[in-house]
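Sharing a structure here in structure tokens format.
Lettered A, B, C and D in written order, each chain numbered from 1.
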Amino acid sequence: MTQALVFYPTALIIMVFSIIAILSKKIVYSLICAILVFMASGVIFYVLGAEYNAVIQLTIYGLAVPVLLAMAIMFTDVKNEKRAIITGARRYIILTSVVLIIMALVYLVAIGVNITPEHTFSPANTNLNHFRIFDAITDGFFSTYLAAFELFSLLLLAVVAGVSDNAK
Amino acid sequence: MFDFSNILSLPVLVFMPLVFGIIIVLPFFPNNDITIRRFAKGCIVFQLIYSLLFWIFYDKGFISVYSLDWIKTLGIKFGFVMDELALVVSILTTVIFTFAAVMSKLHIKHGHKYYYALLLFFETTILGIFNAADIFTFFLFWELELVPAYFLIGYWGEGSNAKKSAMKFILYTFIGSLFMLVGLIMLHYFNFLSSGSMNGQIDMYNLDKVGTNLQILISVLLLIGFGVKLPVVPIHTWLPDAHTDAATPVSMILAGVLLKTGGYAIIRFNLQVLPEAFQIIAPILAILALINIIYTALVAYAQVDIKRIVAYSSISNMGLILLGICSMNIIGLTGSIFHIVAHGIITAGLFVICGIILLRCRERDINKLGGIAANMPRLFGFATVIILASIGLPSLAGFIGEVITITGALASDLSNTMKLTALLALPVLIVSSCYMLKFLHQGFFGAQGECNPSADIANHEFLVLIAIVVILLILGCFPASLINIIQNLNIIDGAVAW
Amino acid sequence: MSEFFRDNIVWIILYPLWVFLLIGAARLFAVRMSKKLLTSITLLGSSFGIIFAGGTLVNTIQGGASEILFTFIKVQNFLLQIGISIDTLSAVYLLLLFIISFFIQLYSSSYMRQEPKYYRFFAYLNLFNFSMGLLLVSPNLFQMYLGWELVGLVSYLLVGFQYINPLKSIASVKVFIINRIGDTAFLAGILSLIYIMWTYSSAQFVTLDFSDFNLISSVAYAHTNNVTYFILCLLLFFGAMVKSAQFPFHTWLQDAMNAPTPISALIHSATMVAAGVFLTIKLLPLFTLSREVLIFIVILGMFTALFCSLCAICQDNVKSVLAYSTSANLGLMLAAVGYGNIDLAVVFLIVHGFIKAALFLSYGMINNEYCDKRQIELSPSFIVGAFALSGLAFAGLNCKELFYDTFSQNVFLTIEFMLVTFMCAVYIFRLCCKYPFTKLNRFHFVEQISVWSFLLIVIAATFFINGSQLGFPFWAAFAGAITAFVITIKSKDSLLGSVTRICKEGFFIDRFYSRNIYSIYGKIANLVNKIETFISNNKILFKIAKYLVKTAWRIEKYIFELPVSFCILCTRFASKELEIAQTRNIQTYIAYGALIIGIIFTAVMLTYSFIINTLGGIG
Amino acid sequence: MLSNITIYHYLLLAFILFMTGLCGVVVSKNVIKILISIEFMLTGVNINFTAFGLYCKNLAFDGYIFALFCIAIGAVELAIALYIFYAMYREKQTSEIEDYGDV
């Protein structure tokens, strides 16, 4: 029940502010809305039991990314748009595809088809032991996904080096 | 004491020809035609001996299994299994490949290196189809088989439009296998839904909880794929072209082994995995089989090209095999497996004869041939025996298969359609003798025609023909030797339970 | 002692097979083999056959039955056995087979001495002995079918023996196919019988043993209605009918006369064609239950006798006359079997076999196809055979009297039989009057031995068969002989003009087959071939593929690229410098990608739900 | 029904966020807004991963790890994108995507 109490408002925040972020004419507003969306999704992660993810999400998407974007906005001195979004066929096309998929989903729900069988997905453990999850994640990083982790570190290093080199 | 059965390994059986084929292609291998031919022949004979070992150490209930994880989360394995059916058809494969390799001596004139490498690769793919334990392993080999088949038909073909025929073959088979792939995936998925675990092993499928209509849909989709290979009448037109335009050894393999993969797959999937659906389809399929038998026999009578006559006759015989499978009882199934073997040998023999005539006379029009019997008495003797076997004369192998098959269809419990079909299929004995005797009469009898060959059969051809005749006689006079092996097949019990 | 013969007769039947395989292997591997050795090993087989068959006959008459059985095919409850089971009838028939074979092999060694394919000829003779033996000793219907097909095969091979001659090879194909029709009907009968027994009897295996036939026929009769039973019997009788060259199928015997003369004597008059009578006798328990079948057999037999005798009168070719006569006499035998007088049929079968063989041999002795002779001449032994065949003297007379006694209750049959006897005398004596007789020289010594042995057997048989008296048949035959003299001397065959021609052509039945049935078959085949060519040349798949490719190209060109080209136009208009670069609008591409994915996604989901809902789905 | 939060709720949320991001990518003019939209899409995917990580027994928290990788990759990608944007901006003096035709 507490899960539901947290989930529904957060989901509402995410949906509303993401749409506002896309539709707003001022770029700074959309940035602020985006910060809200990212923070809310951090809450969603927390609800899902992934505390570590939530913390990372809040620090990176909630702080680092907006700072970067804000700096970019400041540097480039972007003017506000006259219209929020473009006109033309593109808009209708994307609208059509979204409507199509949503209609299909609604149809499926309406005729009562389970896309996946009921028993396939259920919560892993009702009493989530947070330390165990953390253990599992660290285990994952340092055993199964060690190679990926190392590669990723290298990639980060390369990016940092490249960007700082070119920024001179 | 050393246990010989330890040396029998299915991956070795399947992949050994491929390894030899790769050795032939490697750059350090001498580029001498004769060396390549002898090496390839040796490999194929070695493979024959190795497969015969499986038969020698065959024991009742003997099943050899090999399995390796492939895609773990989907339950797909890379596995081989050999039961009695696979044993019989594998030996048929190695025997016919041996014949084909020996016959290649005079028929293949260029590109020896790649020809023999592809031949060996072809053997691997077909053995893979026959011994696959998992549906995706089966599908892998089913598709891989097209590669060597295409090049063998297209690049070493005898006809002027061999490449076109090869393209037609690929097109038909590929479109068939698209349907088949959808069927296989549906089969896999609904098995997962029904049993709750991902498992691709053919003999572990369990579709009890799946509705009958859905099973019929899967069965029909699979049948379209297998029907192209078999072939069933409306989708058979690739076969005469491909068989006519391919070189003789390749025609032998196509008719002797490749068509049998269709029959094998129908037994494996439609009968073993989906018996409930097949029970409903079978009477309709039996009518198609009847059309196959009679229609193509009539077409064969009107042909003038000797290779086309043989090609149509093999469609007719494949219809008989289909009829036996459709009867869904022990007798019919035994008959059709027996006929798979018998017809494989017979049709290979017929193509050997066609090839010899083509090589000596450079003429394939039956109206221009004639009088071969006077010039080539030994070939005439062999041709008589093989043709008589093909029209189902007692004491030769063809008769046993036909009689058991038709009896099985007659004894079928499915519906009265089957009984009627069986009785209507009997005239095939008359019709087949019409076109086959036309072949014998116009090709061999009569005064000397335009073709006047100087030499009788060569030694290696003699060897192949005598082996074929001896196999036909042994199967025809002592059919129990083969039937006893087929009897132990446990698909049959499952199929009859329905 | 006779048990020894009986138990070891299997070797005598297998011996010719081994000789056949030996000759075949020798020819294949090009091993030289002297003709004398070949002839002597063949003759050895036949002479031992005579001794063993005689011993077996004595044993079976004394009442010892012997049966050896092997499993040939066993699949679940489908059991086919082969083996040996000899009763008196088969023993008698075996004796007949081996005696005739022996003398004809002797005859052939002289007759065929100029033939280059001498080896092949003797190999076929041995194969014939084996397959006929297999047929005769069969314990069940299935083995009979095996032998049935094999003798048909030997007949085909020997008719087409001179395959260089196209006419003869066509004749051989016709012989084989007509025989094949009968065989197929026979096989259909066997399978139907097996099926009926599976369904209605409690026995686990159905082997169709002749010893069980009383049971089988009662079960089959009890569980089928009249029409089905009649059809079943007819299917089985069909085999006998074709093999014995009865009415609609008698034409193959005419074609079979293309074989060398010793073969006409051995296969096409004495032994193989009589196998139909043998089968009918064996299946009599089945046929007796249905009155209609018996009536059918009698009527068919009598009709064939009449019809073929009529045809025989007008023939000029001696072998044709003899072939028609064979059909006619086999018709008489079948009628006797149908009438229930089995003994008479068997006796007449033996007597007729010897007489016919003697007639053929004495004709062939002079008119050897390897000697270049213009004029047909006959030997003195021919007239002795003619007397016997027509029923004027010797064993033929006895048999005709017995026939008369049998048919005497039925007026219609009696009249018909008298007519047949009359015509028989007419055609055989017409030959005697028409062709001159010749003297024999010393080259014919070996052939003479065979001919006179047969004739002596016929003459000797006169004293062992009851009923030697000068009754009505004798006078009918006598009248026939007189008529033949009158016809030949007076009018030289122009007696009835067109009627003669019709008779001569065998009422155009053969021509009907070759002009209509064969050509209709050919036309059907051509028609079907046209359909086939249409299907395969139409290249439907190619067309569909080509059409799909074309359509896809068009869609690509005119629909999907429309916005792109529109953009091109717009940007060209806007800025000429960037005209090439502006074609790539990634956002538009993303939009279209999303649309396509959306369509596919929707389609997959809808198909899935359709499958689940309409086809039953899970559970 | 509403009180019980199943995996479908999370999936639906992630789907809506993803579609919003997609729309944003397609219809926006401003480069920075496009980048924000891309981040929305990535966040949707992350929610998806995490939800599966929790609800699928046999995956054993692999989803969490994937999500972490994704977040990090998103940050890196953003940094590079911004760098490129800055470079382009210095050249063109505009932030409208329509003017960046000749990359």
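Here, a residue touches a chain if its C-beta (ideal position, glycine included) is under 8 Å from a C-beta of that chain, and two chains touch if they have at least 3 such contacts.
Keep in mind that this is a model prediction, so the values were computed, not measured.
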{"item": "For subunit B, the least number of touch steps when starting out from subunit A", "value": "2"}
{"item": "Chain closest to the middle [Cα centroid of all protein chains]", "value": "B"}
{"item": "Pair sharing more residue contacts (C-beta pairs) when B-C is set against A-C", "value": "B-C"}
{"item": "Distance from the mean Cα position of subunit D to that of subunit B, given in whole angstrom", "value": "55"}
{"item": "Intercentroid distance (Cα basis), subunit C paired with subunit B, Å", "value": "32"}
{"item": "Where subunit A and subunit C are represented by their mean Cα positions, the distance between them in whole Å", "value": "86"}
{"item": "Distance between the centres, which are taken as Cα means, of subunit D and subunit C, whole angstrom", "value": "84"}
{"item": "Where subunit B touches two or more other chains at once, by residue number", "value": "193"}
{"item": "Touching two or more other chains - residues of subunit D", "value": "22, 26-27"}
{"item": "Shared-contact residues (touching 2 or more other chains) in subunit C", "value": "587, 591, 594"}
{"item": "Chain-to-chain touches, reported pairwise for every pair that qualifies", "value": "A-C, A-D, B-C, C-D"}
{"item": "Contact set on subunit C toward subunit A in their complex", "value": "563, 587-588, 591-592, 594-595, 597-599, 601-602, 605-606, 608-609, 612-613"}
{"item": "Subunit C-touching residues of subunit D, taken from the complex the two chains share", "value": "22, 25-27, 97, 101-102"}
{"item": "Subunit D partner contacts - residues on subunit C that touch it in the complex", "value": "571, 578, 581-582, 584, 587, 590-591, 594"}
{"item": "Subunit C contact footprint on subunit A (complex, rising order)", "value": "89-90, 93-94, 96-98, 100-101, 103-105, 107-108, 111, 113, 115"}
{"item": "Residue numbers on subunit C that touch subunit B, as the complex places them", "value": "24, 27-28, 71-76, 78, 145-146, 149-150, 153, 157, 160, 163-166, 169-170, 172-173, 176-177, 180-181, 183-184, 187-188, 191-192, 194-195, 198, 521-522, 524-526, 528-529, 532, 535-536, 539, 541-542, 545, 611, 614-619"}
